[in-house]
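Just below sit the structures, each encoded as structure tokens.
Okay, so chain A shows up in both of these, paired with chain B first and chain C after.
Our next item is the complex of A and B:
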């Protein structure tokens, strides 16, 4: 539709002004601050070039946090997408109660993370927690004694909970894609004697490639900035062994137990995070780029 | 109906009749898996509700029993003593105002981006959507400095401003999806009838997009109601905290107070509004969520 430039400006302006001032400008400022040594909001920043990034290379806590974050991204991603695929296939196989199951699987997505960490903390409680009691009841005493919240195992405990929370979103996404595939495709394939696996491999996956690609991009953006779950899972501030990049950044800039206030350094971590997001999205785009299948 | 589809229909009916038994048998694993998953989710959440009306003794001594006498006093205690009541009202105010403002600024921009023809529209849309990929942690420090500069740190208007600005990319993404599906004819007809640009938007297109506006408000409401990462950074005063942040402090203080039953009552208070909304509007949410990504 043709409208006057004045009208366009009028309708764009309010949101663009807010977006510019509170989102784009801070992003650019972050790129600048990351080149400064800045030890508190009251202090004057000192330009130090790329020293913050050089220091990051030798920061073991940072590498640990990168390891945890990438672990969530890749291991969590494989499990989330694997499960989401299995559930989508199950839900689209013509079973009854499809909407009910889908609704319940998605449910954790609408619950405050802080409520979910409380719930999982309670379930992981030694001896009286849900898992301890269930595993005891079915005779798996080793699993019943498993120290879920121990410093070495907490990432596993966290990962299980994260998969349970996140999988519903990708089920909804994939299922919407599958529902759009015309049923005749499967009818024809069946007539030609294609097995379930062949139908999945040669009809479902190619026709879903767009949805899968968007799903993976959304997961990556989401997983790389994981903060609320690891931050609130352990009570008080988390142990450095379970830091994600976002948590480490927060601790350096705002940590309450031992104020550190390394604002430039923390921002350098944020910039690294942004670069990783861009890199991962580009890689995914490249990997999943293929001819768009029309139907 | 054509001859062809008639026979196709009949053969389909025939084949379902003969294969009915086998298909149902094949679906047994699906029912078991999805049933177990859903049962776990529902039981885990009910378990929290149950724990919220127990005494602190019962929470750990009898984790699975129905409490001897429901302790509604837990709710009274957290509501008044732990400032959960105050934060509930804060959350209503912060989230309510934010959601309205988000729509007020994003709807006009989305309308222009999806329907007006002008140079640079593609680029502008991309700039808006790019915000989805920028990780919030990158903005922590620049935004804190910015808000401190305009004296809005530790104020509800400051938090609202941040919430509104950071929600624009996602909201514009959803709303442009809705606006671009609306028929061109109505717009043309209104122009022929002599409507001004603004009247076309306000009187014709905006009402047509109301399902989209509703979807966008639900998502933003739930997202902001549950949000605590930004609140943690920008709000320090206990009496200005939104509910999720209040629950976080309650969870942390548990280390000293041991009042688990009270914490669970707090969890239920946080969760009930979003669950009610979800039960009421889950179909709309799920269909709206996939609109942008599944074409």
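Our next item is the complex of A and C:
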């Protein structure tokens, strides 16, 4: 049956209309507002050209927030994917209770972020937190008093929690890919004397390349706009030294605690973030582009 | 024949006019009120009672409340900008209104209205407010905010621990350090604090500079485009005093790992003795403290050689604001006048355990010391000596991060001074 172009267009129209209304138009509006000095209140916005972007270049807090965000993107990404691979291999090795373990690993993804930050905050609390109680019980009193959420370790503490939350999603993603690899490939490889590592490197990774590529793109987009966890993990009012770009944008534009209300400048941060996301995704797509693997 | 006809016509016109007048007075009015409270919070419940009573007394007025929570002002901003909503009045932290809607020119001046008689007292309404509350955010003589809840920032302490170790309420900074030593010797953590909470840490800087240089000095330093005011010896002294609290063990070392509310819970658990924080603390810890817990409060102590006084009060008010474009300013103010009545103000303190701005109200016993502090205030200042409302971006990007670095011991007092002086000058150079 041949489907007419007009019919295809008709089917696409609702999605395109929604995309236009909720993404394209706001994006264009954001591009426009980023060129204005505007509090977001009624007063007329004042056109200032690229001044907001110029100011960003010298904004110490913005660059610190970029550093934090890139840290989550790269360090967090390496750990998340490293752990996801290990868990995927373990779960696909024929162990009993695969579905149960997969569910348990994925569980943090369906819990409200505020509950997770509260949970991790409790675990890290010196003296009375879960880690403190465990370390006390085994006689490691110095570790029991260790300030996990202190200035030197708060980023690592946050990263550990983020990895714990995120890894489940990527395990499920990779497992779905692994499940589609015919078992014959592994059996043949075993007959040829391939080690587990060789099977992983020469069969699993190449055949998962598309899934890995999509996973990396998803992680990058997610990491670059990380907001909920850092915002609620660091207490009542996030310390500016632990801002991510999205948190800084929110603080400047929406006056959460302090009535800053620089919506024009915050929009410039948003536009910059959008450009960075597009750039990172393009780079990743280019780096992971390869021929279709067939055996 | 003509005269009676004319008289009849005139009479009919007069009757019609009078009738219209009556109709006009009874014309239904809907006041739209956007609130910072969530619907189930204690303060919201008191406001719901106030609304119900007010509507019963004024059958032609309907108050339509929208319970937005703490994002209220941002939502009001969006609504007013889009022109899609009529909002007659709203409430929020007074500092935030001052730096937001009020600065943007959305607030109705209330000076004339405040000369109306109080709801249940002989004097004019303005006289019913506690000292310095109405004027705190006045602009060129105009009062734009109607404060109704009063939080004081002061030390909150466990009276039983103080009694147990024989410590008296410290009157001076040296007294405070002595009390710390006594508490440490008795095995207590003297001061509960959060390690990474800029707003709470900055209570110390604000109070130290208010005592050393007087209220208003910090806000001048924040606005000093040269940054040189930060090189004043008083700032170095305040920075050294901050570090002394940590170095002497007044603030226990593990505090650095506390993220709100972990620090304040040590007070509830009886391991710490006091905390410099707002008068909301006893309420926040109410479910964690045992029933015999005895709260006390004292002002940040005087500092030798300082010009500030312990009667200068760090006050965090919550206030109403009437939209200047409201079609019903009289009705909106009538509602506020009722909120200021003894009945409703007493309900606020009884039911939600908060301080109030009506001078005739006895505050809930749990915060009795805050009431005494407020009543004795000779001057008041808002959050971070009003830097929060006047220069909020500066506060967030310069003052907070640098003071937290000092607070956490990441920089020395001397380095802190240099950072503040340099970055303040840089900030104002790019924000002229």
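Things worth noting here:
By our rule, the second predicted complex is superposed on the first by the 267 of 295 C-alpha atoms of A that agree within 3 Å, B and C clash if a C-alpha of one lies under 4 Å from a C-alpha of the other, contacts with A are read in each partner's own complex, and residues count from 1 in each chain.
Just so it is clear, contacts are C-beta pairs under 8 Å (C-beta built on N, C-alpha and C of every residue); 3 or more make two chains touch, one makes a residue touch a chain.
Source: prediction; values computed, not measured.
On the superposed chain A, the two partners chain B and chain C do not both fit; they clash.
In the superposed model, A:145 makes contact with chain C only, not with chain B. By the touch criterion defined above, A:236 lies against chain B and chain C together after alignment on the C-alpha atoms of chain A. Once the two complexes are laid over each other on the shared chain, residue contacts for A:41 go to chain B and to chain C alike.
In the superposition on chain A, A:254 makes contact with both chain B and chain C.
In the superposed model, A:58 lies in contact with chain C only, and not with chain B. Touch criterion met: A:125 reaches chain B and chain C at once.
In the superposition on chain A, contact of A:201 is made with neither chain B nor chain C. Within the superposed three-chain model, A:289 lies out of touch with both chain B and chain C [touch as defined at top]. Taking chain A as the reference chain, the count of touched residues is higher for B when chain B and chain C are set side by side.
In the superposed pair of complexes, A:106 makes contact with chain B only, with no contact to chain C. Superposing the two complexes on chain A places one region of chain B into the space of chain C, and among 38-46, 92-100, 146-154 or 200-208 that region is 146-154. When the two complexes are laid over each other on chain A, chain A has residues 41, 125, 128, 235-236, 254 in contact with both chain B and chain C.
For chain A in complex with chain B, the residues that touch the partner chain are 1-5, 7-8, 10-12, 14-16, 18-19, 21-27, 29-30, 33, 41, 86-87, 90-91, 93-95, 99-108, 110-115, 117-119, 122-123, 125, 128-130, 133, 164, 169, 172-173, 176-177, 180, 187, 210-211, 214-215, 218, 221, 224-225, 227-228, 231-232, 235-236, 245-246, 249-250, 253-254, 263, 266-267, 269-271, 273-274, 277-278, 281.
Of all the residues in chain A, the ones that touch chain C in their complex are 39-43, 55, 58-61, 121, 124-128, 145-151, 154, 233-237, 239-242, 251-252, 254-262. Residues 12, 23, 26-27, 29-31, 33-34, 37-38, 41-42, 44-45, 47-48, 51, 60-61, 63-64, 104-106, 108-109, 111-113, 115-118, 124, 127-128, 131-146, 148, 161-162, 164-166, 168-169, 172, 184, 187, 191, 197-198, 200-201, 222, 225-226, 228-229, 232-233, 244, 247-248, 251-252, 254-255, 260, 263-264, 267, 270-271, 274-275, 277-278, 282-283, 285-287, 289-290, 293-295 of chain B are the ones touching chain A in the complex.
The residues of chain C lying in touch with chain A in their complex are 70-71, 73-74, 77-78, 80-81, 95-101, 103-106, 194-200, 253-260, 262, 265-266, 269, 271, 388-389, 392-393, 395-397, 400-401, 404-405, 408, 410, 423, 426, 430.
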